[in-house]
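Letters are used for the chains, namely A, B, C, D and E, taken in the order the chains are written, and counting of residues starts over at 1 for each.
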C-alpha cells in the first residue's frame, strides 16, 4: 500500500487572547485515516486549538494546511493574522466537519433540513441528491424516524448524533470533534460514542478533543497531551496511558479515576 | 446505652396519581442516629415517598409519625387524605429538613439570608441568634466567605451545600435528602457528598434518596430498595450489596457498573 | 400666512401668556397626574386580578379572564370612550342604588378611572406571569420548612416575583403616560389636547406638536432612568440575561 | 347649590369660543354665557368637552347645558331639548381664491368639501352636495377643516358664515381663500338658529334661560357685547 | 434597555395572543354553563332593550370601514416589519453611527404617543407640503392631499420602532453557536444571514410578533382622527348622526373583538407550523 496522504497539518500555531497566550507553538499533522485524540486539563487550550484549525478563532501566528493547501493569511494590524482570501477559508471549511460540544443544531429547521442545508446552499447540490445522502446518514446514526422532528424535541444524545450527521453530510476530509459528549448526561454518552467508534472503524480521519480517556484509548491511534499551550507529550495510546513520561501527564492520568 | 428513640415512622403509605398507584403500602421507621438510604429505579416512587413524609405530596392512605406525634389526617372527599390541622403540619415540617435535588434556594436572598430566613420567620428566633447559628453552619459547609453572595452566583455544589446549611439551620430531627447530587456535574458531586458524610459521622438522623451506590454503601446503616411501589428488599449495606436476594435487586445492582 | 418662519417662532412657547409654554406644562402635569392615578388604580386592580386568577375559585377566575380578554382585545380608544360615558354613568347609577347619590365625577377622576381599568387588565397579566415565573421549587422549599401560606406569599412569592414583574410593570407605566393622550378624544385637557388647541389657535402646528413630543420624550427618558435604578435594586441576585 | 356646568366644545371655534394661552376662554359665546348666567342668577362654570361627545356628556350629566353654536334641529330634538335661539346666521361656502365656483350642487360637483362633524353643515353638505357628486370630508373641528383648505387638501369648506368670516379675516384665510356664496336655505336641516342645549324635562331651567335671553336682548347687553365681534346683528330674523 | 422577554411580557399583557385561546376540551364545566347562561341573558337584554334599528342602514358603510381597517393593519404591519428587520439588525451589528441612529429612532417613536405622531405628520408636516409649489405640482400631490398616506406612514413608523426593538432582541438572541456552526461549514456571510440568522430570528420573534400585530390592530382607530374612514370612523358617524351613545360603541367593541379573535387564530395556525418547546 502507498503511504496515506496528509489530510491536515498545523505548523507552529500560536494564539493569544490579550495578555494570555493560550497556544505557544503547537504543530500537528494528521494523515488520512488517522484518529487523533487531544487530551489535557481544563483551560489547556484544546478547544482553542480545534477552533483555530477552521479559523473560527484566528491564530496569532502559524499556519494551517488542509489537504496540501495552506490557508493564506495576512497581518491584521493588531499583531495577529487574518485570512487574506475569505472565499478560500469558506471553501476549506467545507473540508472540516466540526461537531460542537453543544450541538448547535439550527432550531428552526427539522433534523433532515439541518443535514441537507449545507450540501444544498453551500455545496450547491440538488435537493434530491442532498436528501438522499442526508437520509442515508440519518439511518446510519439511527435517527431516520426523527428526520422531521425539530431539534428541541430530541434528547441530547439524539441531537448530538444529528449534529454528527450534519457534519458528515458535507463529506469532509477531516471531522473535528470538540468534547462531543460532555454536554450529555451519562446515560446519553454511550449512543454518541458508539457512532464515533463506528466512524473510526471506517478509517475516517478525525481529530477529537475528549475527556473520556477510556474511549480515547480504544478509538484513537495517536494521542496528544496538551498542557500550558504546548504539546507536552504525544504517542500511541499504549505509550501515553501505559508508559507516560512527563510528570504532568502522569499526574493528569492519575487524577482520572 | 438506652435504646435510641424513634425519630420517624411511616406506616402503610399509599399514593395514587390518578390511575397510577405509585406507592402501594410502604412502611419505614427510623430511629435517632439512623442513616437510611433509599435506592431504586427511576420512577419507582422514591421522591414521592420522601415528599409524602413532609406532606408536600398528600398520601392516599397511611400515616406519618414524627417523634411520636402522628400527623392528623382527614378524608379530602376525593378518595385521598388531607391534614386536619394545618398548624400541626407546619410545626412538624420544621422537624424535617428537606434538601431538594434542585437546591431551590431563594434567589432573591443572599446565602446567609436563605439560611436565617426560617429560624427568624418561622421559628421566631432573634436575628442575632439566627445569624450566629447560620454563620456557624456556613463555616461548617465551607461557605462562610460566600455568605453575602446571591445563589445565582454560586456553583451547583456550593448551592447544594448552602441548601444543606439552610435545612440544618432549622435544627431538624431528621434530614431528608432527595438525590442531593444528581443535579450536579461530576466535579461538584464530591464536595456535597463530603458534607453529607460528615453529618452521618455525627449520627444525625437522615433519610436519603440517592443514585450513588458507593456512597450509600459507605454512609448508610440501612438500605431500602423500592421497586414497583413497595419495599422489595431492605437491610444493612452488606446484605443489600453483598448478598442481594430478590431478582430485581440483583438486576438493579448489576446494571450499575 | 403660516410662513415657515412662524414654525420657529419660539416666543409662542414662552411660559407666560401669550406664550403657550405654561399651558403645555399644565397639560403635561395633568397627563402625569392621570398617569400616576391610573397606574396606581391599575396596580391595585392588577394585584386583585392576579390573585383572583391564580388562587380564586372557578367563577372568579372566569370573570377575571373575561375582564382581561375584553380589555386586551378592544382598542384603548374604544374602551376609553365606552368607559368614559358608560362607565361613569354606571358608577353613578350604582352609587345611586347604594344611596350615596350622585357624585360629581370630574374629568380627572374619570380619566384616572378609565386609564386604571385598562391598566388593571394589563397589570393582572404581568403580575400573573411574574408569579407563575417563580420556580415552583422555591415555593415548595418554603412550605417544606413549615412556612404558613401567608408567610410563603409575603416572604417568598412576592419578593421573588418582583424581578420578573418589574420590566413589565415599568413598560406599563410608560404606556400609561402615553395612553393619557387618548383622553384628548373625550376633551380632557391633557398634554395632547392642549397642544392641539395651541396649535390650532396659533397655526404653528409643527412647533407645538414637536414641543409636545419633546415633553413626552423627556417624561419617558426620566421614567426610564428611575426605572433602571429600581430595577437594579430589585434584580440583585439575578444573573443578567444578555 | 352646585354650580351649573356649561359645556363648551374643547376645540377652538373662533370667534365664538376659543381658549387663550392662559387657559381662559374668550369669544362671543363666552360673553353670552356670562351675560345669561348673570341675568338668570345662575352660578356657571365652563367645562370643555369634546364636541364629538357633547350630547352624550349632556345626557349622562357630565354637563348641564351646551353653549356651543349648536343649531336647533329636528334630529337633535329627539335626544335633547333646546332653549329659544340666541343667534342665527346663514351658511356659506368658501374656497381657494384661484378657483371660481358657486355654492350650488352643480358648482361643487367633483370637489372635496370639508365640514365639521356633527353639525348641520355636515348633514346639509351630505344631502345637497354629497349626493350630487361631491366628496364630503368630516373634521373634528372647524379649525382643521379650514386648515386643510389652506393646505390645499380641500376644494371648499361649508360652515357658519360668521366662523368662515373670521377665518377669511385671519392671516391664513386672507392669503388663500374667499367666500364662494351662501347655500340655499333648508330650514328642516339648517334649523331655526342656535340654542342652548339642555336635557329633556328640565323645563324650569329652560324657562329661566328663555327669560334671560329675552332680557338681555331687551336691555341691550346682547348688543353691547355683540358689537365687539360683529358689525351686523347676529340674532338674525 | 429591554431584552426580548421583557417586550414579550408586556406585549402579551396588552394583547391577546394564541396562548389565551381556550382549549376546546375541558371548556365546559358546570359553573361555565351557568356563567354562559347569565351571559346569554345579558346579551339578550342588550339586544332587546337597546336600540339597534340603525344597523341595517349603516351596514354597507360598516363593511367598508372594516375593509379599510384591515387594509391599514396589513399594509402597515408588512411595511413596518420590512423596516424593522434592518432596524434590528443594524442595532446588533451595524457601525456605531447607524446603530445610534436606529436606537434613537426607536427611542423617540416609542417614547411619544402615536396620536401625537399622527397629528404631527398630518397637521404638521402635511400642512407644510403645499407651501412648496414643486410638491404641489408633482405627481405625488394627489396622494399627499389624501389623509390615508399619513395614517399609513405613522402606523408603519410606530410598528417598525416597536418591532425593530423586538427584532434587535431576536437577532442578538440567536445562539452564537448556531451562527458559528454555519460559519464552520463554510457559509458565506450572505447565505448565513439569509438561511440561518434571519429565519432563526423571525422564528424567535414570532410569538411577540403576534402580540405586536394585535396591538397594531388596536392602534388603527387612531387614524379616524385624521379623517380616514375606518370602522371606528363609521361608528363615530353613527353616534353623531343618531345621538345614540352606547350601542354603536358596544358594536364597535364586538367588531374589534372578532377581528382580534380571527387574527389570533390565524397566527396560532402559523405558529403551530414550527413548534417550539419550552420558552
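The criterion applied here is as follows: a residue touches a chain if its C-beta (ideal position, glycine included) is under 8 Å from a C-beta of that chain, and two chains touch if they have at least 3 such contacts.
Not measured: the values here are computed from a predicted model.
Shared contact partners of chain B and chain E, listed by label, are C. Placing every chain at the mean of its C-alpha atoms, the farthest one from chain C is found to be A. Taking each chain's centre as the mean of its C-alpha atoms, the one that lies farthest from the centre of chain B is D.
Inter-chain spacing, taken between the CA centroids of chain A and chain B, is 43 Å. Taking each chain's centre as the average of its CA atoms, chain D and chain E sit 38 Å apart. Chain A and chain D have Cα centroids lying 83 Å from one another. Those residues of chain E in touch with two or more other chains are numbered 123, 127, 225, 245. Within chain B, contacts with two or more other chains are made by no residue at all.
Within chain D, contacts with two or more other chains are made by residues 52, 56, 60, 144, 147, 150.
Looking at which chains touch one another, you get A-E, B-C, C-D, C-E, D-E. Residue ranges of chain A in contact with chain E, taken from their complex: 54, 56, 86, 89-94, 96-98, 100, 102-108, 117-118, 121-122, 150, 152-153, 166-167, 170.
Across the complex, chain D is touched by residues 123, 126-127, 129-130, 136, 145-147, 225, 227, 236-237, 239-241, 243, 245 of chain E. On chain C, the positions that touch chain E within their shared complex are 2-4, 7, 58-59, 62-63, 69-70, 72-79, 81-82, 85-86, 122-126, 129-130, 164, 167-168, 171-172, 174-175, 178-182, 184-185, 192, 195-196, 199, 205-206, 209-210, 212-213, 216-217, 219-221, 241-242. Interface residues of chain E facing chain C in the complex, by the touch rule stated above, are 2-3, 5-7, 9-10, 12-16, 20, 29, 31-32, 35, 107-108, 110-117, 119-120, 123-125, 127-128, 131, 172-173, 214, 217-222, 225, 232, 245-246, 249-250, 252-253, 256-257, 260-261. Residue ranges of chain D in contact with chain C, taken from their complex: 2, 9-12, 18-23, 47-53, 56-57, 60-62, 141, 143-144, 147, 150, 171-172, 174-175.
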